[in-house]
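What follows is a pair of complexes built around chain A, which joins chain B in one and chain C in the other.
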Partner chain A sequence: MRGALEAMTRGAGPALASTLGLLLLWQALAMATAGAWILASPLAVLDWAAERAGLLTRATAVTLGAAAQGFLWGNLAAMLLALVSVLVPRSERVLSALSLLAFCLPLVATGPILRVLYGPGTGPQVTLAALACCYTTHVALLVGLRAAPPGWLDLIRSYGRGRVTALLQVRAMAALPYLAAGLQIAAPAAILGAMVGEFTGAERGLGVLILRTLRGLDVAGTWAIGGIAAAAAIAAHAAVGALARRVTRAPPPVILAVAPPRPGRGPLARLAGAAGLILLVLALWWAAMEAAGLPAFFAKRPGDVWAYLATGPAAGLHRAQLLGALGQTLAIALPGYLAGLALGVGIAAALVLAPRVAGVAMPLAIALRSIPILATAPLIVLALGRGAAGGIAIVAAMIFFPTLVACLQGMRQTPAAVTDIFDSYGAPRLTRLIHAQAPAMLPAFFASARMAVPAAILAATTAEWLATGRGLGALMATVASTSDYGMLWSATALIASVAMLAWAGLARIERAVLARAAPEQLS
Partner chain B sequence: MPPFRLTRRSALALGGGLAAGLAAPFAAPRLQAQAARTAAMQLSWLHSVQFGGSYIALDRGYWAAEGLEVVLQPGGPNAPVEPPVVSGQALVGISAADYTAAAVEQGAPFRILAVAMQKNPFAIASLPANPVNTPADLAGKRIGMALANTPVLQALCSLNGVDVTAVEVVPTQYDAAPLLAGQVDCLLCWATDLPVAMAMQGVEAVTMLMADHGYAVHSQTYIATDASIAERRAELVALLKGEVRGWTDYKADPAAAAALTVRMFPDAGLDLPTQELQADRQVPLMFSDLTDANGFGWFTEETVAANIETLALLGRKVTPELWDRSLLEEAHG
Partner chain C sequence: MADTPPEVVCRDLACRFGELEVLAPLDLTFAAGQTTALVGPSGCGKSTLLRLVAGLETPSAGAVRIGGQSPSAVQRQGDLAIAFQEAALLPWRSLRGNVRLALRLARRPDDPAAVDRLIDLVGLTGFGEARPAELSGGMRQRATIARCLVTEPALLLLDEPFGAVDELTRLRLNLDLPRLWQARGTTTLLVTHSVSEAVLLADRILVFSDRPARVVADIPVDLPQPRAAAVTESLPYRRLVARVSDALGGGGGRLAAE
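Entry: the complex of A and B
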């Protein structure tokens, strides 16, 4: 308790400074965009909030309550998935694929199903918050559970103990910092997931209020709600960070490992594995909808999508429409993905090189991640327009945060023995960054690159819906309003397929790089 | 189509399959409202005075008098009306003729039972300095709208002989800010929301109602499935009776409806002056000589024929059988 208090007071100085910096930036931006009806000044926002303190308190309690439940369930599921993956290594591919797919499902397709299943209440909000957390924490944990020196695992084996002992004694400890990063990534995602979940027909909450303020030209209200979401996310981020610092005492160890021999799977075996996975996913998709008795009108089965795209009337037209839209979406998603990764790594590096100067960056980054894009997109559109530049910027803004957190955490995993050597030679910070911290960061970087794959595609569809009006996002918005659920589920299946392909491609690159930089990850 | 029955076990199976067990721990699905005389009505948007007559019916016990308990389920951007009605989770949905026609084309067995908005609320809103007073004024203008509404603009233009390619469509969020900020010259929106928001901010927009220029699409329509009409007719009639009484009261005193709305939904973030203005502005859309003569929700062969014509321009082929007035006649009876 006292330790936590000390930690808080120690952190109070920079925190105060960065909050002040953030407020000044906000005020300046509000003054610069006056007349555009998209950003209110901090004072106007405070005034608005003070007048409606009761309403805001109730809405915040509802939304944060749903977010907290989703955070709990989503992260528990992620831990379970990761544990099973480590204990039963053969299950890893399948579990990772399912976790990715659950993350890929767009809200336009899942929203109506969740609301019909749960009826009134917070069910959809909690589920969407959980789905927003699970995949990223799962990916981070998988990396963490492997970030242990092989010698330690050999030691366990030499005592005749098995995987469970290794998991409890070595892997769990090694995974803690990565789990912390995963939870820090998950916190704003859960809050946003709960708010967006309210778009499925909730009675109350911050998401309901922001819809009201957006349509009501209530700019101060929009940013008051965005400010609350951001403040909650920043607090959650800080709390997880403080907890992680208390729990992890030992400095990061030096991990020296050799790459294991490549698994001798021929192309045929790989093909069979992929086919098996696809069959499993299709079977689960069909069985889940059948078991819930969901009408095929809005819950299309794999067979319906196949008919829509391959055998039914106008299937060729449907395919052409879908592939054309996909091309437009990828033209935004791919540059947005790369820009988001670069932004995340760049800010992480800046924070390491100049921790004080960059103190404003982290709260700003969390704010960008937790304020609904509905509120921030108009700012980006104003600056960059509705063309490709605006779309790419929206994607980058929506996805850079996990990369930032993961890379920052990865750099902190630089073995103390290594940084000591650099320090003893008085090496400049940049040298240390390039030669020690960047290599140590690589496993975490690739984890974040995997997290960002589905996120970038979904972000691109959001950008298209909000700004550019092209591609899969615009197509899905249109067909959702005309009950064309055949197209909606076809688009969903396509998004999931593309995400899986990109993910598999990334895994190959990752394998090649980590074989040199962090072979323990390949075991 | 098999009746939609949701059990705890099936919900668990769905959670276990689709999301690898994610949804399972907190699955608390509501059983289908099948207890005697309970009915859910799926609204098309968040709670607001847009549904003021229904709130009056609830508040003054008009449904209770019929022995019916009605649950009003709010909508939202990702809460389409059709799925809960198809699944039976809601007995009635508040839709519009164009949405309903599209859903029927996709196999939904819907009928339109009553029409709350006689005039379609779609409008072109512009600023007085650069107004759109008639469809011809659209030529050369930048219009901000959701791209999903492109067929609506096309229909308006072809009804009025305007070249739609002369209008520059800018995809915007549903928000008046782009108009006030000068990013666009006009907006495609409902006459009862974004113009009201602008008026509350002191900007009186020019509002050209599309219904005044040939765009005849029944809006805020009550829809139900064929199965419900066959099996739950008495409940549907009772529900419509309450709606008729509620909306008749609404017409007599829209301000009271606004006050009730704000009081009934303290967490919805509504403010009274906005709700009062909206309540006033939707009166001329909902009540006409036709409803004065025949009562709330009425439609005739002529208004249906006009709808079929406009719907054809929107690419929807429908027949008069989409409309079924018999339940409303019983309700008025």
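Entry: the complex of A and C
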């Protein structure tokens, strides 16, 4: 008993010391920057939170309630999509594209549209939370369902059993660790989705409070709510992780390391496939609006958007306005995206060269990755101001952590036998990194880079909305408040198209690079 | 079919993977109740032939008939069992659970006593509740053989089943296990790289050429059944080993015979 107590104390000592150290540093920084309206001291933050404990508890409960509902629906949808893809393989291409499209929809635009559709209440928050977690779980589960070694499936086939038995006896169990990893990523994403939903005119919740404190230049309040959102996300990530460890054997390798599907046979077939998909999306869009009987005033159909941008009386003006805003958004999104990727890869490489530091940094990076950066975007706005620098920093921060974690995990996939060969020649770490670990990292890097495209656009538009007042984010916020739904739907369609195109472009580059560096990754 | 072992007939059986011709058209008949060993250079297409017979690959030409039926019909009756080079054990099931799974897949009633008897027979007594990750490579291979045999299949397909087993265990399994399927008259096809194992286990040995696989020698093994360890010291056994080695082009056959 005494021994156990001593062991606990020994383990708790350094953690307590580093937490105290961090708090002291925070306090010192806050005192040094006092009057700059950037950083509130931990004491001020605690004081602010203690005074409003009741309000904060209620707001947190509202946000987490919406996030939990969205988490449930989004993941159920993801599971259904993945199951149908496996049982009816022909449907996979279309279902994956639709799931990706839903992931590429700009929350900043869909938020106000959903607000109009749902009216008051938690509808938009729940829907956005569901949209935020559907794609990542879908991808992870699909990889997991396909991860069963062929021998296991041959065993099922050798007894004349079909896809359903293979799914029940083999694939479902084989996919469990992947599903768990997907759900773990989805948990903070659902909180992010719920908070962005609250940004769009909800009545209560953490998102509403953080906007209020930001606008009121209440630095202590912004930090307090940002801290609560971050803590909730880390806790959700950790809780799902702990639950997953109880039911699964081991974490999967890199869950996102899946090459995009092989394109069609020839350029004509590919073109026909893309055209078919666009037609299907337009038909679904139109059918959904018609089936719900939504008024054309705010529920625009594909034809309305076409008229608004191409054939209407002020179409040229609309196009110019939209494309101008797109240029401004890309001016934030692109540098932020590239900086986030470069920083992620660079720091992952540096950590591999210094493995002792990596041991400490990896858990920290995983914990920080789980923070919905956007929920803490107001803090970055406070720190870096409302100019382009703040926007680029928000995008870079959004991309950096997932890239860092994916690259570190990717480098860990280097087969031990390969690194042993380098070690047996006494090769320097840099040589091992360049010739063995970097190529092994490529699939994970590309998977992360693809997933980062919609994330970068989301971050850029949210930053514009909250801070810079320029670009598509600000445009969408303005037109939402002036009920210019033609522009809102046009902006949504444009952003989703740009994100899908960028994703497809990256997938092409990925295939070309992997064909040379890691051909075994291509199915 | 379970009561009468089937004859396996391959007619004009060919297989291509894209541009790669794996099997040239083959006409082969595997007699009912006989054990036939398939030997040949690595990558010549022996495993592909086994997978074609199991109905796990589709031939590019020709057909396989097992007792007059298609492989898929035999699959559905649960009368076929295959052991792969890699022990395809499901990691979340115990050894016992993996063996019982075969009964379930073959739509046979659960038979815990038979499962435990086979686990004992393959030398894994006491490991019934162990997970595959807790077993060595050789133990996993033996577990897959137990899984194959538990359904008492009419056709047994073994793809290098003893590849990962140590030499002593391998000899013991080579002597003990064939008694099980030979007693039931199971038609057995065995892919192996070991010439001595082929001679010890088989009634007939087919030697294949390099890809695309063609039969270069069809050697009957007329050693009396069941075979004991002493048979490996006999002159007829050594002559057969030499003959198969010569057919393989190894050149070591004469040495073995002497």
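Structural remarks
Following the convention adopted for this analysis, the second predicted complex is superposed on the first by the 295 of 523 C-alpha atoms of A that agree within 3 Å, B and C clash if a C-alpha of one lies under 4 Å from a C-alpha of the other, contacts with A are read in each partner's own complex, and residues count from 1 in each chain.
The rule is short, and it goes like this: a contact is a pair of C-beta atoms (placed from the backbone, for glycine too) under 8 Å apart; a residue touches a chain by one contact, two chains touch by 3 or more.
Computed from a prediction, not measured in an experiment: that's the story for all the values here.
Of the two partner chains placed by the overlay, only chain C lies in contact with A:T165; chain B stays clear of it. Of the two partner chains, chain C is the only one touched by A:M173; chain B is not. Once the two complexes are overlaid on the shared chain, A:A190 sits clear of chain B and of chain C alike.
Once chain A of one complex is fitted onto chain A of the other, the partner contacts of A:F298 are limited to chain B, with no touch recorded for chain C. Once the two complexes are overlaid on the shared chain, A:D154 sits against chain C while remaining clear of chain B. Of the two partners, chain B and chain C, it is B that touches more residues of chain A. When the two structures are aligned on the shared chain, A:G121 is found in touch with chain B, with no touch to chain C. By the touch criterion stated above, chain C contacts chain A in their complex at residues 51, 54-56, 72, 74-78, 80-82, 84, 86, 88, 90-92, 101-102, 105-106.
The residues of chain A lying in touch with chain C in their complex are 149, 151-152, 154-161, 165, 169-170, 173, 249. Partner chain B is touched in their complex by these residues of chain A: 35-38, 52, 55, 58-59, 62, 69, 73-74, 76-77, 80-81, 95, 98-99, 102, 107-108, 111-113, 115-121, 123, 126-127, 130-131, 134, 196, 198-204, 208-209, 211-219, 221, 284-285, 287-289, 291-298, 374, 377-378, 382, 386, 466-469, 474, 477-478, 480-486.
Residues of chain B touching chain A in their complex: 1-2, 4-6, 9-11, 13-14, 16-23, 25-30, 42, 46-47, 71, 73-80, 82-84, 86-87, 89, 99, 102-103, 105-108, 146-148, 169-171, 173-178, 180-181, 193-194, 197-198, 200-201, 265-270, 274.
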